[in-house]
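There are two complexes below, and they share subunit A, which is joined by subunit B in the first and by subunit C in the second.
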Partner chain A sequence: MIWPLDLAWYVVRRLVNAAAVILLVSVVVFVAIRLTGDPAASMLQGVEPTRQAIDQLRHALGLDQPLWRQYELFLAGALHGNLGTSYDTGQPVASLIGSRLGATALLAVAGLVVGALIAFPVGIIAALRPNSLVDLGARMFALAGISFPNFWLGIMLITIFSVALRWLPASGYGTWQSLVLPALTLGLILSGIQSRLVRSSMLEVLRHDYVRTARAKGLKERSVIMRHALRNALIPVVTYMGSTFGALLGGIVFVEVVFSWPGIGSLAYQAVEQRDFPLVQGIVVVTASLLVLMNLLVDLLYLLLDPQIHLE
Partner chain B sequence: MIAPASPEDTQQETRQRKGRRLARLFVRSPSAVIGALFVLLTVLATVFGPLLEPHAATAINLNEALLPPIFVHGGSAMYPLGSDYLGRNLLGMIVSGTRISVDLAVLAVLCSMAVGTLIGLYSGYAGGWLGNLLMRLTDLQMAFPFILMALTLMAISGPGLWKVVVVLALSGWTDYARIVRSQTLQQRHMLYVNAAQASGASRARIIFRHILPNISDSVIVLATMNIAVNILLEAGLAFLGLGISPSTPSWGSMVADGRNYIETAWWLTVFPGFAIFFSVMGFNLLGDWLRDVNDPSHGH
Partner chain C sequence: MVQVLARHKGILALGAILALSAGLVGGVVHPATASAKALSGGSLVIGEADADPGNFDPIATFTLAWGEIASNIFDGLVFRTPTLKIQPGLATSWKWLNTTHLVMQLRHNVLFQDGEPFNANAVVFTFDRLTGPLGQKGPEYANYNAIQKVQALGTYEVEFTLSHPDPTLITKLAGYGAMIVPPKYIEKYGSTYFGTHPIGTGPFKMVKYVKGSEVVLQRFDKYWRGPAKLAQVTFEFVTEDSTRLADLQTGAIDIMQAVPVAQASVVKSDPSLHLMPVSSPTVYELGTDMSVAPTNNPKVRLAIAEAINMSAIIKTVLHGYAQRISTFQGPLSFGNDPNLKPYPYDPTQSKALLQQAGVKPGTTVTLGYVGSDSTFEQVAQAVAGYLQQVGLQANLQPYDENTFFNNLIPAGQGKAGDLWEFGWGGWTLDFDNTAVLLYTPKQFWNPTYSNPEVTSLIDAERSTLDTQTRLQDFYKLDTILHNQVVGIPLYDVTNLWATDSRVHGFVAPPDDRVWLWPVSVSQ
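Take a look at the complex of A and B:
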C-alpha cells in the first residue's frame, strides 16, 4: 500500500527531475543551433548579403549578444510563456505551436487506437498458441511493422486508396475521411511494437494460478482471457507505452509531412526548411516537455493500476 | 604421446562447437534463412553494384523517360523496373542507392557501438560520478524528441556523408550503453573476474580481455537491429531532403522524387520503398533470430 505522503514526495521528485531534463534539452538545442551556423547569414542566403546587412540583422535578432545572455533572455521569456517570435511569419512561436497541438493530438490518439485495435487481437492470438504457425505469423507481422519506412507506407496507402480507388482524400483536415489514411499509417507502424508487448505480457499472465483457477471453475475460455488475463496483462503494456513515445513522435512527423496534416510535425518540418530558429527551438522544447510529462503520467497510471508496486 | 590441451586449444574448440550449434539452429529457422538472404542480396548489391556498368546504370535518356516495369504493357527489357522522368534505369538507381544506405548505416553503427560500449563498460565496471553522469545522459535521450533534433542538425549543418553518420550515431549509442552497462554489472562479480583481479590484472585488461568477450553477443544482436534502424532513419532524412546530398540518388530521395509522379508512374515510389523494406526486414529477421539463439528464454 502506498501512503499519500510517499506518493506526493514521489511526484515532487519526478517533477523536479522532469524540469531538469527539459532544461537540459533546451540548453542542448539552443547551443546546437548556434554552434552549427549563423542564422542571420543563412536567412540572407540568395541575396548576396553585405557584412553590414548581416550585422544589422544579427543585432535586430539579438544574435550579437553573448551566448549565455541570449539563453538567459530565452529562458526568462519561456517561463512567462513567451517562446520568441518566428523569423518567417513574425507571429509568436507559442501561439503558432498552440494552434497546431490539437491536430497532432487527434492524429496521435487516432493512431494509438488503430494500433491497439490491430495489436490486441494479434498479440492475444499469438500468446494463446506460442511457437505455433499463428505465433510465427504474428512475429513476422511485428517485424514487418518495424521494417516499413513510415513515409513510404503512407504513400502506398495514398496510391491505393486515393489515386487508384478514389475512396479517401490524400490530404486535408477537418473531415473524418481525411483522418482515415494518416491514422491507419500511424496505427500500422505502431501495431508492430504494440502486438509484441501484448503477446509477452499475456504469456506472462497466462502462467499465473488465478488463470488456472478460472479455467478450473469451468469458465468459458473467452471469459478467462477477456476478464481475467487481459485485465492484468494491460499493466505491463501500459508501462512499456512510455518507451514507444519516441517511435510515435517519429511516425507523427513523417505522417504529417506525407499527408500535409496541419500539426506540430509538419510545422517542425517547415520551420527546419525555412531555418526559422526560434520556431525550431520552441517546438523541440515543447515536444520534449510533452514527452517528459507523458512518461510521468504513464508511471503514475502504473501505480494506480497495480497497487502492489512499491516506490523505489 | 598426447600433449595436454593448451588454453588456446580449448578456447578454439568451444568456439568451433558454438559455430556448429549456430549453423545447425540457423538452417532450421526459416525466418533466419530468409533474413540472411535479404541481407546477402543487400550486401551483394553494395559490393558489386558499382562494378556493373557504373555509368550506364543511371545514364539520362529522355527518349525513354517514365517507361513502366517489364511486366506491364509498354515495358522494356532494358528497364526491368521501369525508368524515371529522366529516363534513368530504376533498377540501376536502386542498386547504386544500396551502397549509400548500407555504408551510412554500417559506419553509424560502428561509431555508436564503439562509443556506447565504452561508456557502458566504464560505468558498469568503474561506476563513480562519471559513470553515473554518463548514464544520466542516456536517460535524457528517452525524453529527447530525437527526430526533431536530427532534422534541425541536418538542416543547419547542410548535407554531407559524415554529418548523416554523426546524426545516426547520436541516435543509437544510448542503447549500447544501457545494455552493456547492465551486463557488465552482472559480470563484475563473477568468479572469473575475481580471479583476474586477484592475479593482478589491470582494470583495462579485465574490462577488454575478460568482460567484453562475455557480453559481445548482446552487442552483436543490438548492432544487427541497429543497422535496420539506421537504414530507415537515413531513408527518412533523405526523403525530407536532408540526406547526404540531393544529387546523389538514395532510396529515400527516390521515393520523394517519385511522389510527384504518383498518378502516372507508381513504380517510382513502389520499388525504392520495397528496397528499403526488404533490406531492413533482412537485418531485423537476422537480429531477432540472433537474440533468440543467445537467450533461449526470450520469446518462449
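Take a look at the complex of A and C:
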C-alpha cells in the first residue's frame, strides 16, 4: 500500500529532478543552435543585405554579446515566463508556442487513440490465435507500420481519400474532417509497433497460472482476457507509449508539414530552417518540459495499474 | 459504486480520452467569419507555398508569403503593377530636387481600414518607425538605410532626405518595408498587436488569422480606388507541394502558387485548371571560387561555361520553364544588356581551353548545392554530365540551405565547392543591388572578387539618377563580368501559377506580389 505522504514526497523528488533536466536541456540547445551559423545573415537573406547591414542587425539583436550574457538574459526571462522574441516574426515566443500547442496536442491524442483502436484488437486477436493466418497478417501489418515513412503514408492517403475519392480534405484545420487523415497517418504508424507489443505481452500473460485458474473457474473467455490478462499486458505497452512520446513529437513534424497542420512540429521545422534562436530554444524547453511531465504521469499510471509497484 | 467504477476503469479512461479529443476538436473549430455569400462578389481561396510569416507588420519580415497577402492590406507611396511598371500609389507625383532630396505630393481622401485618415503624418510616422530602433531590429531596415529623414511639408506633402544617393529608392518605396501604416492605431494598440491585426489603406482588411493555417481578408468598401470585386479572400498556408496540388485538383483552393515544374503537365491536362507561367526576377548561376585552383583561372571558368548545354537543360530538366541569361540578372532587370549573348555551348572549344590552362583530363571539381532543392539537384546532375564530357569530374555535394548560403559561401576558400548553386531574387529589378553585394569587395557573399574598374562603374551608376547614364554604366559592367566569367549565369526562373477556371482577372505576378483588387470569380 502506498501512503499519501510517500506519494507526495515521490512527486516532489521527481519534480526537482525534472527541473534539473530542463535546465540542462536549455543549456545544450542554447549552445547547439549557436553552432549552426549566423541568424542575422539568415534573417536578411531575402533582402540581399550588405555586410554592414548584417553586422548592424546582429548588434540590434544582442548577438554580439558574450555567450554567457546571452544565456543569462534568456534564463532570466524564462524564469519569468518570457521566452524571448522570435527573430523571424518579432512576436513573443511564448505566444507563438501557445497558439500552436493545442493543434499538436489534438493531433497527438487523436493519433494515439487511432493507434490504440487499431493496435489493441489486432494484437489481442493475434495473441489468441498464434501462428495462424490471422497472426501472420497482424505481424505483416506491424512490419508495414514500422517500415513506411510517415510522410509517404500521408501523401498516399491524400492521393486516395482526397484526390481520387474526394472524401476528405488534403489540408486544413478546424474541422473534424481535416483531422481524420493526419490522425490516421499517425495512428497507422504507431499501431504497427504497438500491435506487436500487445501481442507479445498478451502471449506472455496468457501463460501465467492465474489465467489458467480463471479459465478453470469457468469464467467466460472474454472476461478472462479483458479483466484478468489485458490489464497486466498493458504495463509494458504503457511503458512503451510513454517512453516514445518524444519520438511521437518527432514524427508529428512530418505529418504536420504534409497536411499543413498548424502545430508545434511545423513551427519547429520553420524555426530551425530560419535559425530563429529564441523560437528554437523556446520550443525545445517547452517540449522537454512536457516530456518530463509525461514520464511522471506514466509512472503514476503504473501505480493505478499495479499497486504492487513500489515508489523506489 | 466505487467497486463498479473500479471494475470499469479502462472504459472510463477511454471515455475520458474521447471526451478530451471531442473537446479539443470543438475548441479549435473557430466561429465562422461573415459569410461571403452575404456580401456580393464571392470568395476565393489561394494556396500559399510559403509558411505563415507570423507577423504582418511591414518592418518585420521579408517573406514572399507576406508580400502576397499584405500587398492587398497595405499601400505604398508608389505601386508596382503586375507588369512591373511603377505608378503613383499613395503619392500622386514626385520630384527629385537633387540626388538626395525627394519631394512627394500625397493622395487626398484616403482612409485606413479603421477610419483613420491618411496624410503626411502617417508617412513621417511610417518611415521614422522603419528607420528607428524598432525597425533596426527587423530585416527591412537594410533596404532603406539611405533614408536619413522624412518630414511633412504640408498635410499632403513630404520630403525625403537621404544620407547618400539611392537611384533605386522609388522602386523601394513600393517594397514591403515602405508600406504605409496607421499612426493612431499603432500608438493605441502597440506593434505586437499590430503584427497580428494589421490595418492599412489597401483593398482588403484582415478579419481572421489562424496562425500557421490561414488568413482571411474581406473587402474594404472605402478603398480609394473603389471597392474590389471579391468579397472575401482566404490564404491557406500549404507548404507541401503535393498537398497544395491535391487541394487545387479537389477544388479546395482556387489559385495555387508555385506549381512544381515536374507537375506542370498535371495542371495542363486538367480542363478545369489553367497554368500561368510568368518570368520572374529570380536567377540562378554557378558561383565560382576565384581564390582556389582550377577555377581561379578565367580560361577554366570559360571552359566550364561553354561545356554546359544550358538550352538542353532548360528544355528537359526545367520543361522549358526558364530562360537563358548572359549576366546574373533576368530580362526584366534594369541593367540587363539584351545584346549580350549567353555563353555558347561549345565542348570542343571547352576542351581546348582546359588544355591551354593545363588542366588534366579527370581533374575533379566540386559542385555544392542545396540538398533540399530537388529541381537544382537535377540541373546539377546534368551539369556534371556535361563537364564529364570535356574531361572534368564533377563531385556533387549537397548542403543544408542555411549553412550553405550563410556559412560556406561567405567563407570562400572553396568551402562551398569550386562551383556552387547560387540563386538571387533581384527584387528591386535593378542591377544595382546585385552589383554592390556580389561584385564590390568584402561583401558577405563576395569574399574574394575585387576589380577596381568594376567598383568604379558601380560607384558611378549609384551617384546619378539619370537612367541613360546608369544604363550605359551597367552595360559596361555586364561586358566586364561576362568577359571575366565572374560566375556562370545559368537561367532566369519562370514561376508557375495555376488557377481554377472560375477565377477571372488574375495576372500571375512576376514578383509574387499578388494583386487581387481586379480579380473576380464565377459564382
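In this text, the second predicted complex is superposed on the first by the 303 of 312 C-alpha atoms of A that agree within 3 Å, B and C clash if a C-alpha of one lies under 4 Å from a C-alpha of the other, contacts with A are read in each partner's own complex, and residues count from 1 in each chain.
Just so we're on the same page, a contact is a pair of C-beta atoms (placed from the backbone, for glycine too) under 8 Å apart; a residue touches a chain by one contact, two chains touch by 3 or more.
Because the structure is a prediction, the values reported are computed rather than measured.
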Joint occupancy of subunit A by subunit B and subunit C, clash or fit: clash
Which of subunit B and subunit C A:267 touches, first, second, both or neither: second
Subunit B versus subunit C as contact partner of A:21, first or second or both or neither: first
First, second, both or neither for A:275, with subunit B first and subunit C second: both
First, second, both or neither for A:155, with subunit B first and subunit C second: both
Contacts of A:73 with subunit B and subunit C, given as first, second, both or neither: neither
Winner by number of subunit A residues touched, once subunit B and subunit C are compared: C
Touched partner set for A:11, first subunit B, second subunit C, both or neither: neither
Subunit B versus subunit C as contact partner of A:163, first or second or both or neither: both
Partner chain in contact with A:253 - subunit B first, subunit C second, else both or neither: first
First, second, both or neither for A:219, with subunit B first and subunit C second: neither
Subunit B collision site on subunit C, chosen from 132-140, 204-212 or 366-374, when both complexes are overlaid on chain A: 366-374
Contact residues of subunit A, present in both the subunit B and the subunit C interface: 36-37, 42, 155, 158-159, 163, 257, 273, 275
For the subunit A and subunit B complex, residues of the former touching the latter: 18, 21-22, 24-25, 28-29, 32-33, 36-37, 42, 130-131, 136, 139-140, 143-144, 146-152, 155-156, 158-159, 163, 200, 242-243, 246, 249-250, 253-254, 257, 268-269, 272-273, 275, 280, 283-284, 287-288, 291-292, 295
For the subunit C and subunit A complex, residues of the former touching the latter: 7, 9-10, 17-18, 20-21, 24-25, 27-30, 51-55, 57, 60-64, 133, 136-143, 145, 191-192, 195-196, 210-214, 236-240, 242-244, 246-247, 249-250, 252, 401-403, 405-407, 410, 424-425, 427, 433-434, 436-437, 442-444
Of subunit A, residues touching subunit C in the complex: 36-38, 41-51, 53-54, 56-57, 60-61, 86, 88-92, 96, 99-100, 102-103, 105-106, 109-110, 112-113, 155, 158-159, 162-163, 166, 169-176, 179, 226-227, 230-231, 257-260, 262-263, 266-267, 270, 273-275, 304
Partner subunit A, residues of subunit B touching it in the complex: 31, 139-140, 142-149, 151-153, 155-157, 228, 232, 235-236, 239-242, 252, 255, 259, 262-263, 266, 269-270, 273, 276-277, 280-281, 284-285, 288, 299-300
